Amino acid sequence: MPRDEAGILSEIKRDFILRRLKEGKRGDGRKPDEYREISITPNYVPRSPGSAMVCLGKTKVVAGIKVEAGEPFPDTPNQGVLTTNVELLPMAFPTFEAGPPNDTSIEIARVVDRGIRESKMIDIESLVIEPAKKVWIVFVDIDVIDFDGNLIDACTLGVLAALKSTIVPGSKEGGKDFPLPIRNTPVAVTMVKIGDTLVADPDLEEEQLSSARITVSTTEDGHIRAMQKGDVGEFSMEEIRKAINMSSNLGKAIREKYFK
Amino acid sequence: MGTASDIKLINEDGLRLDGRSADELRPMKIETDVLARADGSAYIEWGGNKILVAVYGPREAFPKHTQDIDKAVVKARYNMAAFSVDERKRPGPDRRSMEISKVISEALSSAVMVNQFPRAEIDVYIEVLQADAGTRIAGLTASSVALAAAGIPMKDMVVGCTAGKVEGQVVLDLSKEEDNFGQADLPMAVLPKSGNVVLLQMDGDLSVEEFEKASSMILEATKKIHKIQRDALAGKYKAIALERSGE
Amino acid sequence: MPRDEAGILSEIKRDFILRRLKEGKRGDGRKPDEYREISITPNYVPRSPGSAMVCLGKTKVVAGIKVEAGEPFPDTPNQGVLTTNVELLPMAFPTFEAGPPNDTSIEIARVVDRGIRESKMIDIESLVIEPAKKVWIVFVDIDVIDFDGNLIDACTLGVLAALKSTIVPGSKEGGKDFPLPIRNTPVAVTMVKIGDTLVADPDLEEEQLSSARITVSTTEDGHIRAMQKGDVGEFSMEEIRKAINMSSNLGKAIREKYFK
Amino acid sequence: MGTASDIKLINEDGLRLDGRSADELRPMKIETDVLARADGSAYIEWGGNKILVAVYGPREAFPKHTQDIDKAVVKARYNMAAFSVDERKRPGPDRRSMEISKVISEALSSAVMVNQFPRAEIDVYIEVLQADAGTRIAGLTASSVALAAAGIPMKDMVVGCTAGKVEGQVVLDLSKEEDNFGQADLPMAVLPKSGNVVLLQMDGDLSVEEFEKASSMILEATKKIHKIQRDALAGKYKAIALERSGE
Amino acid sequence: MPRDEAGILSEIKRDFILRRLKEGKRGDGRKPDEYREISITPNYVPRSPGSAMVCLGKTKVVAGIKVEAGEPFPDTPNQGVLTTNVELLPMAFPTFEAGPPNDTSIEIARVVDRGIRESKMIDIESLVIEPAKKVWIVFVDIDVIDFDGNLIDACTLGVLAALKSTIVPGSKEGGKDFPLPIRNTPVAVTMVKIGDTLVADPDLEEEQLSSARITVSTTEDGHIRAMQKGDVGEFSMEEIRKAINMSSNLGKAIREKYFK
Amino acid sequence: MGTASDIKLINEDGLRLDGRSADELRPMKIETDVLARADGSAYIEWGGNKILVAVYGPREAFPKHTQDIDKAVVKARYNMAAFSVDERKRPGPDRRSMEISKVISEALSSAVMVNQFPRAEIDVYIEVLQADAGTRIAGLTASSVALAAAGIPMKDMVVGCTAGKVEGQVVLDLSKEEDNFGQADLPMAVLPKSGNVVLLQMDGDLSVEEFEKASSMILEATKKIHKIQRDALAGKYKAIALERSGE
């Protein structure tokens, strides 16, 4: 994760945040398991078959979906294809640079992708036009336009909203247009460990103070669909259990509020 | 320019596919301060174009060998989102976007008081979220608003518009269909105080008289657009949050 | 445009050139609307289907054409394909570097390309072998081998001469060889503004002194086919009108002298 | 995870395709000091995995802007040989190997006493010569042996293993077929002294109870694997030359 | 060739080696035309259709072969395809860097490739599945894992052993698996010139002291199949004759000992 | 080397397809000072080869880490124009041209008095405009003329030629057809004063006796070529303008 412009948080700010956390309060007044405000605008790019803009606090991303006919992978002739790409645009943060994806953006894209893919959210078996020859390829592209922490969750929310609004252009291949078949809603929740406290949905300051990060994706059935531990720190098994529980609860709340 | 088509782009009443008259602009709105992290930002909707601009700087030019000891370097980066056009666009710069970045950088450099910031760079990041003909001009027009919003001293704004030729007629502000099937495309940008031209490209087929007519139309239109720029900076639309702009 | 080796022209040279320009004379004695000597050698690379070497003053370029069968673009199934590439070879100037095209060479290539393409110089509808499946692809490649200013015009002249000498190898696709069908001759004329004066066909010294550049391409009918304003300066509308007029006159003269 | 298959991965006796029980590891051996040039090296065979690790450093971090004034940077590079998988793999990093390099670097950084070497880098090169499921964990497990062999101070080793779900059952140390056709994959690595987790990834479908079972299995297995690491460092297998390890 | 970590050999070491060479002895006690110990482990990567590990002194390489069906080159429709790639892994030497092949690794790969290809070791005419459409592509990839000089010879030995153990997976294309048809054994021998002495199979120290390098590949019939002079030095014709002779003798010995 | 062919490359009179005898060179001409900007330049036509060489330097080596504190670095860059061969060649270096650049750089370094210019680089840019077998040797031969024309001190010129085997016979200076369908190709370059070899590559099939014959032929030919080099530098052909050399 990038540092702020000065490279490190000032000592004073750092102490303030750590002191407040001991009292169970975060820098911006949230409780440890509290999410920032979420705002979702589906169909933000109306000419795309699917899209959404998401604000997670001051973090903003735009997700856009393209669905095009193409060849399946040789080892999965009866499945459509899903690809996920995240662009950390230089407009989003002073130290983000233009250029090919680096390991940060690749990790985000792959964790977001696994959450979607492993939950079987999309019924990719239904995206076959002609087995082994032609299937629908779902391109998920996410522009990060304003960065204030927790990109994995913001991008996942953007993709969920965009996919749920997506119309497959079946008429281009001699069929009918149809909504992308969606089976469930895997919500990713990311938490970081600051001192001994686990906090959900970290903002940039908190990411800079954290020693370790963990993302847990869950579905309606409470099952875990993807996990990713990140950063140079450790979690006890107890902390991981707590993270799974926190993710499950927050996931349920988010699903009910935004993806009914 | 100029693939033949069966579509009739101008009807018998002289109106265009979207109902506009020859010298009519598409709907436009500009908002400022839409991003929290950037030093200045702007968002423009112009026809179906949706474009975000963020400005960072002046800051020390990097890498060092790009520094100019006499002035700031304005580095615009025009980029199309993968989902901004009908067929998914591969991320990363292509030849077209590299050329556009270059002419936009040059046009903005004409307006920015670059001499005040030796060795600095001013970065202008233009992200096309949805493309609908005229993106370079829309991006440039929004860029000068974002620069102003970032408090960067400029001798003038940069205001642009395109004109073109469609079925033999000179028309203002080409739509996507007119761009695809028309006979000429003339994007142009000026400094409104002097009327001097800082960006000019053209391709297609224009007689000298048609060029005169097209450029006059553009100059007239830039007055209206400049007003929208000023209004945006005056905060008129500031209250409209970015997230409301979809639908 | 690259600076000279010292990075900038000496003050003395600069003053000299500016003083002379006020009297209507250029550093090398030319009048403002006067071109340098042009020398064109068609078929410079005789094994290519088309080629030419052009000297424009001390600027030298070699243009070579390859015509190969290939697939058309999906949206233009009934047209051949034209692609234009310019290599600013490191042999041409001390600061030119080997590597992929940079924004300077891309701008030159694209302006040259637009001049050719938009004038409909080549009858690309006649380059179809089998509609939607196989067409002739015309590869235009230009090596810049010696650089003394005004590459857009030098490259355009090279391409014009090369295309006019090009034989399409129709026999490779079961037909007959035939000359590339040419309909007109779009001449690009580039001018720069030094002080208040517009001068045509700038050499390197003049490019270094100029504030703004403009290229206008015209055809036999006096119509404008492509324009490009370059560099960090401004033109009044009056100056643009003057540039169009100067281009039209010089274009006519060049067309008559070299492309009859 | 999870392409459907007709292969029966667990038989009526609860045994897996290769005859293992649910909580049984594949055969494993680790050797150290297998390379002459590196500061430390290790070779691991784990099931059909054959992986080499070389360590260089601590040495001055390069390029300079990657230096951390407070500590050493651990840079792991996970790479698959072109011939390591069934279909020839194009040389060079792909997205998967870049992500794996990142999580391995982070896991090793937890164990290495990085504060002792400000401005330095410690390079860990992991070359997968033959891949057979679980390469990241095998590479990470061998890496901490190679770091120890290079004399780099660590607060603890890093020991990993995977578990997963196959035909509804939680099993340890997935084989290639189980990885391809199973329902969940959970690679995990810990510091054996504290039992704390430094690498954790998961994909597939696990209930919370299944996760508990899988992670317990892994923790139990890491004790055995840690012993193999220690034995390797103690020189038990040092005599076995690298060149004998093929056949 | 890379220098050692200090960048250059110490003066003392250098003098010692040069003094000993005048007495016909090398730093490690070898005679000028003596090879280091060779150890070859075929089938080192048993899941590959062919592979081998080679230790040449302390230099170690792993060669792996993949054989896949693919298209032939248009100008050789009745031949299989051979491609050779060498990776100078950063694990092999402190200054080797990750990244695309550089001119050192490309030279090694191309010299190894020419030795194999020009000797017609592989009967590539027999690798056609369907003429002009489908042939066997033999991918030769070599990982350099430990570097102590003379990579051309070490890589060639690895490729020879790997190819000789290779089974073409004909059953994947409706035929039978069969051993890759091998016709001869081209052995590459590399020598460097130190002072006035030609020494075979240089180790890294000797490569650092050498002024010029020469590789000669010969086959059973004593014919030369490939040569490559390298480095910034000169050879007299007499020295080249001597090198050819030395290569021929050493090649014969290696062939008899390792490739019977 | 060595694709079978029905073409008869040598007729019953012992003459080759283009009428040459076994030890006959193709026509050759060299001109100097053909480019205005370079510090030295040369143009060579040799058979159907048309190759330009420009020399820049000695100048400070860049980037800095390429500097040698003891001597100048000679950096040759061999490049084929996109239109130089029958099928359009994609611009940019490929593996073949990178190897050729390396062996040419090394050969030229043998001749240039590099010790006179520590920390400097001497750039030799070789552009093949039309290729017709033997381009590396033609480019190298022209390069040493261009270096001399640039006034760079050399202990000797570099002169090269190729020989090969065609239908069992050793012949000098292979043509394109002979290169494509012959049995061996031996490019070689020497310093004419000492006769020492500075470039040598070979592929195909040569007995030791055939190698002797081929190398003797080359050595003989380099005397003639060296004379053409000297004549070019003496200005004999200087008057022939580069632009006349086409048709």
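Should a chain be cited, it is by its letter among A, B, C, D, E and F, assigned in written order, with residues numbered from 1 in that chain.
The rule is simple: contacts are C-beta pairs under 8 Å (C-beta built on N, C-alpha and C of every residue); 3 or more make two chains touch, one makes a residue touch a chain.
The shown structure was predicted, so the numbers you read here are calculated from the model rather than taken from an experiment.
Chemist: If every step must land on a chain the current one touches, say how few steps get you from subunit B to subunit E.
Modeler: Minimum step count, subunit B to subunit E: 3.
Chemist: Listed by label, which chains are in contact with subunit E and with subunit F?
Modeler: Chains touching both subunit E and subunit F: none.
Chemist: Nearest 5 degrees is plenty: how much rotation brings the CA atoms of subunit B onto those of subunit F?
Modeler: 120
Chemist: Could you tell me the distance, in whole angstrom, between the mean C-alpha positions of subunit A and subunit C?
Modeler: About 49 Å separates the centre of subunit A from that of subunit C.
Chemist: For subunit A and subunit D, what's the span in angstrom between their mean Cα positions?
Modeler: From the centre of subunit A to the centre of subunit D is 27 Å.
Chemist: Taking each chain's centre as its mean C-alpha position, how far apart are subunit A and subunit B in Å?
Modeler: 32
Chemist: Quick check: how many Å separate the C-alpha centres of subunit B and subunit D?
Modeler: Distance between chain centres, rounded to whole Å: 52 Å.
Chemist: Residues touching two or more other chains, restricted to subunit A: which are they?
Modeler: Residues of subunit A touching two or more partner chains: there are none.
Chemist: Residues of subunit D that touch two or more other chains: which are they?
Modeler: Within subunit D, no residue contacts more than one other chain.
Chemist: Graph shape for the chains shown, where an edge means the two chains touch. Line, ring, star, complete, or other?
Modeler: Ring.
Chemist: Could you read off the chains around the ring in order, subunit D leading and subunit E following?
Modeler: Order round the ring from subunit D, first step to subunit E: D, E, F, C, B, A.
Chemist: Any idea which subunit B residues touch subunit A in the complex?
Modeler: By the definition above, subunit B touches subunit A via 35-38, 41, 48, 50, 52-54, 56, 59, 77, 79, 81-84, 86-88, 91-93, 123, 125, 127, 129-130, 132, 242-247.
Chemist: Okay, in this complex, where on subunit E does subunit F touch?
Modeler: For this pair, the touching residues of subunit E are 75-76, 101, 103, 106-107, 109-110, 114, 117-120, 214, 221-237, 240-241, 244, 248.
Chemist: Quick check on the complex: what are the subunit A residues that touch subunit B?
Modeler: Interface residues on the subunit A side: 39, 41-48, 51, 53, 55, 58, 60, 62, 64-66, 68, 85, 87, 89-94, 98-100, 139, 141, 143, 145-148.
Chemist: For a test of understanding, state which residues of subunit B touch subunit C in their complex under the given definition.
Modeler: The contact residues of subunit B facing subunit C are 1-3, 95-96, 98-99, 101-103, 106, 109-110, 186, 191, 194-208, 211-212, 215, 219.
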